[in-house]
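The following pair of complexes shares a single chain, chain A, combined with chain B in the former and chain C in the latter.
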Partner chain A sequence: MIKTILLKELSIYIRNLNSVFLPLIFFFLIISIFPLVLGPDKVLLNKIIPGVIWITAILTTLLISNNFFKEDFNSGIIEIYLTSESSIELILFLRIISCWIFTCLPIIIFIPIVSLLFEIPFSSSIILVFTLLLGTPILISIGLFGSALTLGLSRNNILTPILIIPFYIPVLVFSASAIESVSIGLPYYSQIYILLALLMLILPTMPYLLKYTLEFSINN
Partner chain B sequence: MESLKISVNSATCYKNNSVIFSDINISLKNSEIIIIMGSNGCGKTTLIKSISGIQNLDSGEIKLNNKNIATIGSDFKEEIVYVGHKNSLNNDLTTIENLEYLSAFDSTTDISNTANIRNLMKNLNIEKYKNYRVSDISEGNKKKISLMRLLLTKKKIWLLDEPMSYLDDESINMLINIFIEHQKKGGLIFLTTHYDFSKKINACKVYTMKDAELT
Partner chain C sequence: MNISTIANLKFFYIKTKNISLFLSIITLILFIIGLYWGLFIAPPDYLQGNSYRIMFIHVPAAWLSLQVYIIMAVTAFIALVWRVKIMEIISIQCAPIGGLFTLIALVTGMIWGKPTWGTYWVWDARLTSELILLFLYIGVIILYSAFTDKRQAVKVTSILAIIGLINIPIIHFSVEWWNTLHQGPTVTKFEKPSAHISMLLPLLYMLFVFNMCFITILLKRIRLGIFQREKNTKWAEDYLND
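On to the complex of A and B.
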């Protein structure tokens, strides 16, 4: 069953390459706006760009996750999940993972190029990639939770971000702090461990939360 | 043959402070078919969703062999197939891929036998859409694809929400024959429809839902 679901997710993303490339293009567009607005001040840009990358990652995950369950809800596949004898938690876990692989991983792969463009030091760049690798699965999971929560509402485009952005703050704080620490030569392990702990907490519990949220949304 | 009995005991459901149905009592045994009829919006879909465990009841209970379905959970889900009035197909996948995907949620479905699948599709006149993307197929044919799950599964309890919508007369007759076959094998069918076909089938109970009650 796991293989079938992953293969189908793969073919859905391959047939909808839009959903893979558009977040990537969006990400680069937003990042390239900052030098235009702030001017070519190298010292300033160098200082703020890791933060900018993180904020852009948040915006991108919000867009990706906003209407994630809408199509499934409209087509009725969520009812099939709920009446299926297979573990719905496992199905949802696989869907979170494949969503992350096809939308966030491409962005993270291109981070070294962004680092070169903005001349981010190598050590900061490595930590930036590392925090994104640990942080974006958390962002996607929370985003999908928001998407499931507002499923029954017809106009939820702004509501979902308002509901979930507060939950993004811990991830943002610890990632920014890790990047800041490495740039001034302080130890950064504790922040990375906290991010890892958050990931380990959220990833296994989120499918259960999602299941109850979807049941709740369908019931109301 | 495994004996199965579903009973709905004084089921009541509210939505947005208005009563959808109240004090519903019905039961269904092997080789029986229950047809729920009624006007649009009378609560047929909510009732069938409650029986399939998607919708929670406000009071009353649904039992399978005298065990509450809320407590037996996946044991109940192992016995039922639910086909909703939405077709539950993914528009980006082809017909075959959709059937493969749906079969992942049902352990009794075997779709490795391609000759059998081709035959079933031929009978339903959808063979030529085998490798079409579902977004390019008409609503009636989509309905047939989602109903094909019934032919592939070995589960006994079928819960169908308006299975006849979008279908032409020929397909409806075909579907009725499928129901009769299932009945012969001891299957249970619970369905909502606007088309009364009870005269064509034995052991078939027809209820009409009106003003939140079944008559």
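On to the complex of A and C.
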């Protein structure tokens, strides 16, 4: 069952490679806009670029998750999920995971290259990758929750980000704090542990929450 | 008279007409007394002079902004689980009131911050979380108004309100987490409040008055919400024609 769903998701993403590459290109585009706006000052850029990478990651996950359920909703697949015998929580869980693997993981893999471009020190780069590895699944899960909330609306382009950005704040605060700690040579374990705790809290509960939200969004 | 009779929308609407008027008058009188107490009777602060008096508005408003969110989320939970119509209306109508209290807390804080801190705004944890609370309220209001089918809107908005409640502890404990510019709590220390009793008493009184304000406005808004929902029923038409 798990294998079937994962293979199906894999084939969907492979057939539609745009959905893998577009977030990556978007990410690089936004990152490269910042030096153009702020000027090529090395010291300034070096100071702010971890934050810039995090903000860009947030924008990318917002775009990825914005209309995640829309197509399935229009074609009626979600109703089939909800009425089927098999466990919808498992399906939703695997879809969150596969969405993260195919859209966020490529970005994280390319972080070392971004670090080279902006001359981020190795220690900061490592911790940036770590926080992104722990943080982006949370962002994706919350984003999918927002997408499920606004499913019943026909035009919801800017509404979903407004609803869910407040929920991103804790992840953002602890990631930024970890990166800052490492750059001034303080221990950063506590922030990483809190991020891990958030991830462990959100990943198992989110499929259930998504299920209820989808049910409420659909029966009208 | 059992609880389901009170929860009946028509019964609630007709019975609360006089209570609502009575509450408005009482609250207005209490509010004027509280303002006079805070602005004229309470002694000036030895450090901040008279500018601290805005506290009698700021602190209750900030407190209420959190309290109203909790009430909104709890009533939303009751509305989702037990499908109580009146709770749906209470939960939704809490959002604009809570947003208003948050706005009052932010604006009075900014006015107080200029003479005391020398700046209207700092990106302090507590201020930022209050701003985020405002966005949470706005999100709830916008999400509710975006749906044309209000039954569905109530359900979806309730989920958002309940999930938003996890932000409340972050706001409340942020002072201890990122202890920065905002002064620590002066009322809730259990051993010995750091505010003098002649300032603490009017503050607690204002807190009570703000709760009365909240109840008064909420009652008026609930009655409005009931009427909006039931406007096509026969009793509503009869009521209008009387």
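Operating definition for what follows: the second predicted complex is superposed on the first by the 220 of 220 C-alpha atoms of A that agree within 3 Å, B and C clash if a C-alpha of one lies under 4 Å from a C-alpha of the other, contacts with A are read in each partner's own complex, and residues count from 1 in each chain.
By our rule, contacts are C-beta pairs under 8 Å (C-beta built on N, C-alpha and C of every residue); 3 or more make two chains touch, one makes a residue touch a chain.
Small disclaimer: the values here were computed from a predicted structure and weren't measured.
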| item | value |
| --- | --- |
| Clash-or-fit label for the pair chain B, chain C on chain A | fit |
| First, second, both or neither for A:Pro166, with chain B first and chain C second | second |
| Which of chain B and chain C A:Asn16 touches, first, second, both or neither | first |
| First, second, both or neither for A:Ser217, with chain B first and chain C second | second |
| Contacts of A:Ile5 with chain B and chain C, given as first, second, both or neither | first |
| Which of chain B and chain C A:Glu79 touches, first, second, both or neither | first |
| Superposed model, chain A: greater residue contact from chain B or chain C | B |
| Chain A-centred angle between chain C and chain B, computed on Cα centres after superposition, in steps of 10 ° | 90 |
| Chain C versus chain B - closest C-alpha approach in the superposed model, Å | 5 |
| Doubly contacted residues of chain A, that is, touched by chain B and again by chain C | 220 |
| Residue ranges of chain A in contact with chain B within the complex | 1, 4-5, 8, 11-12, 15-16, 74-77, 79-86, 91, 215, 218-220 |
| In the complex with chain A, residue positions of chain B that touch it | 15, 49, 52-56, 74, 77-78, 80-82, 84-93, 97, 100-107, 159 |
| Chain A - residues contacting chain C, complex | 145, 149-150, 152-153, 156, 159, 162-163, 165-167, 169-170, 209, 212-213, 216-217, 220 |
| Touch list for chain C against partner chain A, complex | 132, 135-136, 138-139, 142-143, 146-147, 149, 151-152, 155-156, 159-160, 163-164, 167, 170 |
